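Each of the two complexes below includes chain A, the first together with chain B, the second together with chain C.
== the complex of A and B ==
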């Protein structure tokens, strides 16, 4: 930071507008995937699952361990393309299973006993925060404070140029894959029987139960879907930030994903998508205009507060139960 | 039924991911044959330092072999032995142990005791062990404390007890401004290292430099010195936060500025992912960091990317002094001397030479250190009034393979 503690440089944003935008969208897509986990659980249980950030990082550890075991390291591998894809798809599946499993486990240990005893919502909140810390420090005790050695999947290569800015293979892979997954989830929630069950429980759990919806099953399924998405996000996160996996890594990203969920309207699937992309973009734009990455989070939260002042329920507002398509 | 649909939804997703990965793979493959080293050919490479000339009048721990002293006479190491930063402490006390072993083997009538006291390198925990050291009357000198934070927290304790301590690693410039008469520093501080970073940039003939700092006292302090030195010559500046792992906006800024050198003023934990992501984005210049970055963990975490890294350190490369390295490896169980091992040896040797001259109490030892003027393995030890070394040796280092090697003194 220069001696004048804050300065605005819109020229910098204009100069690198498209590069900043593409990068923000990539990052935002990862936020959005994680945000979906917060939003789905909130929609069904009215609970902020603070341990979701650790569900995410569990998947990231799985990606790192799996790929390291296959011989991936800090330097980009020189594998035949087929092998590379197979390895990455396998890593993604493993991450999804590990994150999904962790999510279900968290539900079993931290929330189900409380639900069975009819605990207050505050108890759930504390339990969620507690679970987040417990998982974090399990990772800390197990792997220490230092980040895992980098696992580089491939070195990004320019694919095509838009408005003079290069879009590389990494950005494209992450963005499109993440959006496809989000559309799938949206369709699952809107069109399948499971989705109907989720929406029914979100709207009115008691009536839903009377109508023959197995509430417990729906809850577990919701946690599992959130976990799967976090696992996929973990793969993309490691792709983008090869040495970002350490015990606190989930917490930092989780906060932003949670912000994204609130910004878009928590409980709203499409809101999470929109919120995620916006958080990615706003952070990048803010940092570029203010000329200092340390402002990234400040800008994100200022925008969040401004939006909530005008639309207290987030941009897309309505919750999962009321969502109709 | 719904199970089926969900599965099919996820299958579609998985297939899409596969298709995209195929695209990325295709793009990646193109480079596999061409080799990823483009651009690196016009980089200046500083030659590796092959050997370190040890001055002839170097003061060694063995002394003349005729010393006589009370066997209860004790020198302590106070600093990290466990905790997240234990490695630096281990480097240091193994250096000190090497000096003690050499001394006691050569002087049958003067067997000095070495006591190690653990602070975990944590300012909050260091006061207890430090107080413990001051309460043991046999301890007449202390090697420590290694880190700036813990040194700041405990300087007063040693001052009250009149117990002289020489820090073998703490670099925060403010430590010598407390008026402590018992504090000495066995290395140059950050006002020395900052200019050395700039000097290294000049040696590498880099033209456009970006300065990236973190939010620690250490990183910001050093960056301030660099800014004073380079002023308008800096092409871009940015700041990152401790714990940050994704540096996209910072990298964008560096790439936009067309810089060929990045000075990173901070620790390896953030430096490694920054360098890795920079290189992945096509940056082919130098990455220069201070002693907080000079850690094999940096190389491990940044991988190939670390090949562009140079480092400054006020530490002497002990692995280049064969006789020292050999003796050290006996103590360490085979590990080569690390960062600040030589300083651990040299500072201990100063105390031992005092004991050999018949010093038995803290007051005389403090005076002895204050007036000391002798040559160690790495530098001349002579202090000014505030306890700062007059010899301000800074070494350059670079990545080679999985390790870090010296490129010699940076004038």
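== the complex of A and C ==
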């Protein structure tokens, strides 16, 4: 049966398999960074912070504004490499501060007052969704519906060839930087005193208090870490999708990142990495086969549902520090 | 002056009064026991003393300092440690990591001597250092919970029903260990349903009924009290 609204082209995937894979891993690394924010907060508060997508896009706006102010525009700048790296690192730091600050602000405004009053989980959920909308519409009122002008950071250069496909400098930068950051977060959670506090609050908040853990401080730190990672993700997102910054941009990416967190096992740091990469790959393969990126989300959700039918807690299980690969 | 003074404590859950007019003094190096039926308010009292619940009225004084307004995590640093009802083992941490959590409040102090003390009291914990807390048996978890509380080197150790769900010979062992900990100089406030054995090691004891203290005396006095024998000691 043939129809024009959907068609399957497996040949397209076979032809471009490795290129699709490398690009999927790049996108997946970005999803994974954002997914970590969902997962860490879920770990300590058992709460899906729906406003995390806006935490992310706030950082992306910061990147665009900062780089535009430095003269970056639609075509790649001609800067000495050292200057370029400096600019990008600065943009990353600014995005991390903006996203981290937004995350902490969301915590203070939307969740802490409810926590102090011992509100029900439903109240937290509504507050989370409400906060997400409030931020989205603030961005909308402020910047309108159209995307910010593109800022191109550099023209991707081929670095090496694998299986006949090029891996370029952009893919390599994003993938390596994101994975290094995630390994750092994993090590912080596993090895530092802050990490022990986070895991303790995640597993048993009252007992954590009895051990001398200041739960409120751990919660703020967790939101801040999630925000920093979202800020870093924002830099890489603008790098990969230079004209993707508008008020709904966070929502679109956030859904994928949230899916990644659930797929890997929400509350599980390594699960977020695995889930992110999988969502990146699945989405890209799906879009290639179906010949249209509109289908990406559909494919991702079908896979999510199938996985959750077999493993309801996600691939690696859903407890912070509990599942160890 | 008592080491720990609970004075006119009242705690509510919403509008429900769980305990009221609770006053207990715990002197340094004593074992004080609280007994009472299910729902009498024992856990509520312990959680209020350790700062997990706020006192509505009344005060808690420790070493002469009013700690009523201090948060739970600050009271550990003062030297008050609670082994909670249900043990509160971190299931996804190993035995060693659980013990490490006990040192969280020790800012910068070297806990080596604490590890030695705990492993001497509970050799089993040393053998199981790498086992996940959640996979330990109930009795082992109780040992771990007590050991972990000792890691903070508390001056007063609060124990909420440490014998709950344990086999008789294990219960005897736990009581022997509580005496040992006390002999090493740690003051103990113990909540128990096992009134017989608890009163036998108590310097002083109180009976809690429906949120109020109804009797206090030495352990021996309460053991010999006929109404207490009927209600709590099975006749």
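Annotations
Just so we're on the same page, the second predicted complex is superposed on the first by the 315 of 325 C-alpha atoms of A that agree within 3 Å, B and C clash if a C-alpha of one lies under 4 Å from a C-alpha of the other, contacts with A are read in each partner's own complex, and residues count from 1 in each chain.
Note that a contact is a pair of C-beta atoms (placed from the backbone, for glycine too) under 8 Å apart; a residue touches a chain by one contact, two chains touch by 3 or more.
Nothing here was measured: the structure is a model prediction, and the numbers come from that model.
In the superposed model, A:76 lies in contact with chain B only, and not with chain C. Contacts of A:302 after superposition on the shared chain: neither chain B nor chain C is touched.
After superposition on the shared chain, chain A has more residues touched by B, the comparison being chain B against chain C. When both complexes are overlaid on chain A, the residue A:109 reaches neither chain B nor chain C.
Of the two partner chains, neither chain B nor chain C is touched by A:90. Using the contact criterion defined above for the overlaid structures, shared-chain residue A:287 touches chain B, although it does not reach chain C. In the superposition on chain A, A:193 contacts both chain B and chain C. Looking at the shared chain after the overlay, A:211 reaches chain C, while chain B stays out of its contact range. In the three-chain superposition model, chain A touches both chain B and chain C at residues 193, 197. Of all residues in chain A, only 193, 196-197, 199-200, 203-204, 206-215, 319-323 touch chain C in the complex they form.
Partner chain A is touched in their complex by these residues of chain B: 1-3, 5-6, 9-10, 12-14, 16-18, 20-32, 36, 84, 215, 237-241, 243-250, 252-253, 256, 269, 272-273, 276-277, 280-281, 297, 300-306. For chain C in complex with chain A, the residues that touch the partner chain are 50-52, 71-73, 76-77, 81-82, 84, 88-93, 97, 100-102, 104-105, 134, 148-149, 152.
Against chain B, in their complex, chain A makes its touches with residues 1-2, 12, 15-16, 19-20, 23, 27, 73-76, 78, 80-82, 84-85, 88-89, 92-93, 144-147, 149-150, 152, 154-159, 168-170, 172-173, 176-177, 180-181, 184-185, 187-188, 191-195, 197, 225, 228, 232, 240-244, 246, 248-249, 252, 283-284, 287-288, 291-294, 296.
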